[in-house]
Each structure stands twice: as structure tokens, then as C-alpha cells.
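Take a look at the following structure, please.
Chain IDs A, B and C follow the sequence of writing; residue 1 opens each chain.
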């Protein structure tokens, strides 16, 4: 139980660091002076001290929504597969629940964007709806397919099963699910080929457009939510698709886990440096590939058993 | 490991189907052939079959390095259109590709009961045959069509090494020879174009 | 030794094609006769005779087909001498045409003699690729487009054949090992193949590949378009040599398939060919130029040959094949004269041939035109009689007699549509249109004489008896 809670706290603390790490790595690769890895914390504390101003046009939703954006994600963190051997984990929560909670968070984010009554908010919300509508089927299919391979519908149990006996004979479908999930990781977190989190350019914004009107504590909450979302996806990816290191003793296992998270961050950073952002109407192409791979993984598993 | 490679083989082919740039397409083709070469090497080591090891090395050298390089040179020399947009829209391709996969997987199901070793690979090679046909269908330009033809060759090669545990050496060398001949003919076809203009 | 003799004319042609001497082509045509020597020797040798280990084996069937295709090759080399008189072709591409013709011929000799599915396929692929370039010799944009078209469709067809070959190989490998590639072993062990489904699947895919290559349903028009766009000897080579190689593969594969499951094979080929003839006969009815007309009629005859063969009418199929292989190249070659300098009109095409050569030419063309629609003295007439007889004979053993009679009647109706069209075209060629002075060259006439003589030889009782002995 202690390990379980400790993991959640660790993930929560690691979340801003991971995003700052990606940013720093990108800056290094572009020959800029990198930001500190703890920049996420600095931003958080700065925002907490700032005055919170709310637009006159908004309704009470703006006051509730940031909390409702963050809280489903925090709930999801309790359902993640365990990091160390013998730790407590929730075994019965399946792909649908996790996807549902994530999309609940997204729903409130979109509502927040609409509520500010600015042109940007509505635009950002509609784009977000467009993307997440494509993400969800692929997400459900992928996690479902991996759970089938692991022999348990519960995501936590699946992670444990995969680590205990890796499905060598289902390597092909496992690979397809992995490819699909990595695309989803990028899409859902608004990383570069889909959305650029660093610009405030009208044409390219998705996530930023929705939170343009927010300040202070609310903005801090939303920023935290987005970093938590990244860490959720990254830890799902590493415990489902790189199921290594669970059998070691606790400190080493945690170390391995963190190393895997940073490896994912490095992969994302490299991808971001090497690709240009897609035009919004090209986004379905990328997500289409992801859906195809998710489906392929399921049918390869069912029909061929490979 | 073989499962992993065959997964990558199919994955690179599917990604090639969504590609809209010529060089990217060549890159995916080259990866596709590389996976095929590794697959031949692995299976050859498992079966202890020298001929298959040789063909695996030949595949890597010719198909993964040689042909993409030659095609890239040709495309620079004759100024190919490098933006190759598939004629089948992505939203239809998303539906079409899984449909093809399901169809071929079920089509080859009776076969997979008959071949004892590596039975799944027959299904995957048949589906990659169909997917490379789709690659040829969905492009209007010549260059992607050539790549479709070449990846069809790859699919056949995959079937050859998996379903039959290696064809006779003579036949495999003959197939390589024909592939080289195909490249020569393609080259000549482009050359004539140049002379006329 | 035998092999090198067989390949000699083609190899010489390949080497000579690099020299710039103009008179060389005459020598080439005379040298090409030398291919007949080893073939005659092959006829006298005891069959099966191993030419190259077990890879190339000559038996009665492929010796006959090799003879037929070699005669076509000789005829085409003669007609090639005057290619530049009828069409515009640069000296450079003329030489290239010879070079690729040589590669094509080598590939097909290998294909026809192959006892190994792999060798068969390699030869066919070599021929296909070299044809692409022969089509491209014509410098028109359509020819360029069609060359690419041939490259792509031909490659798909060929790949399907390879696919089928691999599946067949996989089906027989458990009992035969590496030897599962050879036709004669497959044939003798057909009953023991452990997974007939796999074999039948391979056979179906391979024959669809071959059918696409011969222009069967649903790819009826692609060959016609290609032959239209390219120079006329290409079409002659297609119908005379390439299709012989394809059909010999079909013969061999279906011989094995017959032993495995005759009713499946029969139903498959029967439906496929009847559908093809149905569509082709109406396409012929609408055809407006010689090339398309002849190439569509080639598809029709190929379908008939396949149908006769699977009905058990080996003799009929072989006779029909021989007759078609002589008649069609002859017609295509004379098309080159009829349409010389780009005149595509049918009306009056046979008028205006003066002198001894002219008279002989129009006499030959009328002979060929009427023979191709199987008017009685033509071998096609007999082969169709025997073929339909064989079809009825097959039906006698099953309880589908009425259906078979219906099918034969249906085929006869379709054939009469074609007959009507050909006669109408002949009349239009002879009696309509205006008269223009046209020229025929000796070499072409000589090629036509070769074809006519071979046709006559085909009708001799002894050659008929030889064909009967193959089965």
C-alpha cells in the first residue's frame, strides 16, 4: 500500500519535470540555452502567486471546470499498473473506464474553452473535439488488444501479467498495438505533429486556444492537468509496452521505471525536433494510421494468434 | 523475434500506404526490405539453411540499400514529382485497409492449418501482397507504382521463405536477376523520356 | 550442347544488335533457321530428354510447342527486316528492338522447355520485362503510356503466377522436398499431395495470373491497347511466342490439377473461358481496326484452347494452338503492311496490290482471314469439331449433359457473331474504299509463305498422328 501511494506521489511529482525535460532537450538539440528541468515547478509557483482574473462573460463553469479537468486524471493515476513487485494495484479497471475518465477531463476542458466566449476558445474546443473523437476509438482498441494479450481486461492486472510472462508468440500484434499507442500518446498530449504546445499562433493552437483566457490558479491547475496527462500516458506506455524491470527489488524497479519514462520523453523530444507540425486537416491521417494499427493488432491477435 | 520482425514488415508497408512524399516512401520500402532481409537471416539460422542466409544478405544489400538508392538517383535525375498524394482518401483507406486485412486473414485461414511451421506468416504475406496492390492502385504517378511492384516482390519473397522454408537456390537467384532486370528496364524507360524532351 | 544450339540464334541476334552494319539483319534471318536443327534432333530423340539436368526437359508436348514458337520466331525475324519501311523508327531503337527481342526469345525458350516451375517463371518474367522495352521502341506518347501499363499489369500478372507457384511448391514440399518444383514429379505424385486445398488455391492464383497475361476476363482490353500502341511485330511475338509459353504453363499446371480434383478445375476454367468468349465476341463485333480485331480474336482462341484442354480434348487443343500460333502472327505481320504509314482504314485495305508479289500478298491475307474464323480447310475447323466433341464426351460421364449442350450451342452462337464480323470486314477490305498503290517486300512475303507452309504441314496425316500421340 505504501509503495502504491508512493508511486502515485512520485508520478505526480515527476509530471512537470518530464515536460520541462522534453523542452530542455529540444532546446539543446536546437542549440539553444536549455531551461532548467524544474521550470515546471517554477511556473507553478509563479502562477499560484498571481492574481486570478476571470472574464466578465463567463459563467460559473469557468470556476468549476479547472478542478474537473484535473480530478479525473488524478483518479486515473490510482488505476495505473504497479511499478514495483508486490505493490498494491487496482486490477479491475479496464480500458473503457480509463478512456472514459480521460475524455471526461477533455470534456470539461472543451467546456472551459467555450465558456470564455472568446473566438479562440470556441475554435480550440472544436479542434480538440475533432481530435479526441478520433483518438478514443483507437485508444479503446489498443488498450483492449493489449489486455487481451495479457489475458486480463483490467489494465493494472494486464501490466502485471505482461511483466510476469511476456507474450512472445503475440509479438506481432503487440508491436502494432505499441505503434498505435505511441501515436495516441503524441496526439492526446498535443505534442508536435498534432499540436504545438509552445506557440500562440492562431492557426496552430489547439490546447493553448482553450486556456487563453485563464490566469493564476486556474491556469496552474490546467497546466498541472496537462503534465499529469502526459505522465499517465507515458507510464501506461512503459508498463504495457516495455514491461521490464518489475521483478527487481523496489529501489531498482523504481529507478528502471523512471528511466523508461525519460526514454519516452526523449523519444517524444526527438520526434518533435525532427517533424513539422501537421496541418489540422492532415491530423486524421496520422490518427487513421493509429486506428488501422490498433485494429490490425486486434485482428492479428484474434485471427492469426500472432 | 521473428514475430517482431514480421510485425515491423507489415507495419512499414501500412505506413507506406499513407505516405505522401516520394522519399519517405522509398525510406519505408527500404525498411520493409531490411526487415525482410533480417527475417530471412533469422529463419535461415533457425533452419540452418545456407542458401537462405545468402538470399537474406542479398536482400539487404540489393533491396534495402541498392534499389532505394538507384530510385532516388533516378528521381533526382529525371525530376520526379515528389509529392505523391494517394488517390484514395485517408478516411476511406482507414476503412479499406482493415477490410483487406480481415479478408485476407480469413481467406488464408484454411491454409494456416495445413502448413505446420510459421503458418501465420502465410496470412501476413498474402495480406501484404494485397496491400502492395493497393499501393499501386492508389497512386497516379509512376514512381509509387514501381515501389508498389517492388513491395509486391517483397511479399512474394516473404511467402517463399516462410511457407516453403526456402525455395531452391536457383529459383531465388533467378528472381533476384529478374528484379535487377526490372530496374534496368525502368531506368531505360525513363531514359527514353529524357531523350524525347 | 543442345541448349546452346537452341539459344544460338537468339544469342547471335543479341550480339549482332550492337553492330551498326545495316545488312546484318538479312544474315540474322538466315541464321535463325538454325534453331530448327536442334528441334528436329529433339523430335527424333527418345522422350523425355533431359536438356539441362532436370531443369529443362523436352517431352512431346513442349517439343511441339517449341517448334511452333520457333517457326514464329523465324517468321518474325524475316518481317523485322523491313520494319523501318512501314513505320518510323530510328536506327538506334531499331537495334534495341533486336536486342530485346533476343532476350525475349531466350526467356521464352527457357519457359517452354522448363520442367521446373521456378525456371518457367523466371523465363516468363524475363520475356515480360524485355517486351516492355519493345513496346517502347515506338516513340509515341501512347506507346510510352502503354509500356508503363504493360510493365505494371504484366508485373502483377507475373507476380500472381509466382504466388501460385510458391503455394503449389509449399503444398508438395512435405512429400517431394526440393524436387517439388519439377512438373513431372508433381504430376506423378499428384495423388499424394498432402494438402490439396493449398494446391488448388495456388493453381487458381497462378492461372488467374496467366489468364490476365493472355487477356482473359476481366482484363480484355489491355492487350489490345498495348498491341495497338506498339509496332506490329510485337503483337506477332505476343500471339506466337509469349502466349505459347503462357499456355504451356497452363497445360502443365492443369495436368496436375486434373489429377487432384477434376470437377473443380473444369468448373473454374469452364466459367472463366465462357465468360471471356462472351465478352470478347461482342468486343470483336465493335472492333474498328485490325490490331484490336486480331488481338481480341487471339483472346477468344486462347480461351477456346484452355477450354478444350481441360475438357480432355488434348488433340483439339494442340491443333487449335498450332493453327492459331501460325495464323495470328501471320495476320499481325500483314497488318503491318496493310496499315503501313499509319493508315488505319479497313475499307479498301486489300486493294491496290499490283504485280506478282501484291497478288500473292492479298491471296495470303484472305486465306488467313478466312482460316482464322475456321472455314473448313483450316486446321481450326477440325480442332473446333474435335474440341466440342471432347466437351460433349466429358459431359457424358457426368449428369450435366443438357447444360453442356447448351454451353456448346451458346459458344457456337458467339463464334458465329465473330464469324459474321470477320466476313464483313473481309468484304469491306476487298470491295469498298478507294484504290491506292501499296508496296509489299519479299522478306514479308517469305515470312507469310513460311506460315502458310507450316499450316499445311499441320494438316498432314502424319503430323495429326503426332499430335494425337501427345497426351
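We adopt the following convention: contacts are C-beta pairs under 8 Å (C-beta built on N, C-alpha and C of every residue); 3 or more make two chains touch, one makes a residue touch a chain.
Since we're looking at a predicted model, the values are computed, not measured.
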- Note on the structure: Of all chains shown, the one whose Cα mean is least distant from the combined Cα mean is B
- Item | Label of the chain whose CA centroid is most distant from the centroid of chain A | C
- Query: In angstrom, rounded to a whole number, how far apart do the mean CA points of chain B and chain C lie?
  - Reply: 31
- For chain A and chain B, let me know how many angstrom lie between their CA-based centres, rounded off. 35
- Note on the structure: Taking each chain's centre as the mean of its CA atoms, chain A sits from chain C at a distance in Å of 64
- Query: Where in chain A do residues touch two or more other chains at once?
  - Reply: none
- Residue ranges of chain C in contact with chain B within the complex: 55, 116, 118-119, 121-122, 125-126, 129-130, 132-133, 136, 139, 144, 147-148, 151-152, 155-156, 159, 162-163, 166-167, 169-171, 173, 178, 181, 194-195, 197-198, 201
- Task: Flag every residue of chain B that touches chain C in the complex, lowest number first.
- Result: 110-111, 114-115, 122, 129, 133, 136, 142, 145, 149, 152-153, 156, 159-160, 163-165, 167-168, 170-171, 174-175, 177-178, 181-182, 185-186, 188-189, 192-193, 196
- In the complex of these two chains, what residues of chain B are touching chain A? 1, 3-4, 6-8, 10-11, 14-15, 18, 90-91, 93-94, 97-98, 101-102, 105-106, 109, 112, 120, 123-124
- Flag every residue of chain A that touches chain B in the complex, lowest number first. 168-176, 179, 284-285, 288-289, 291-293, 295-296, 299-300, 303-306
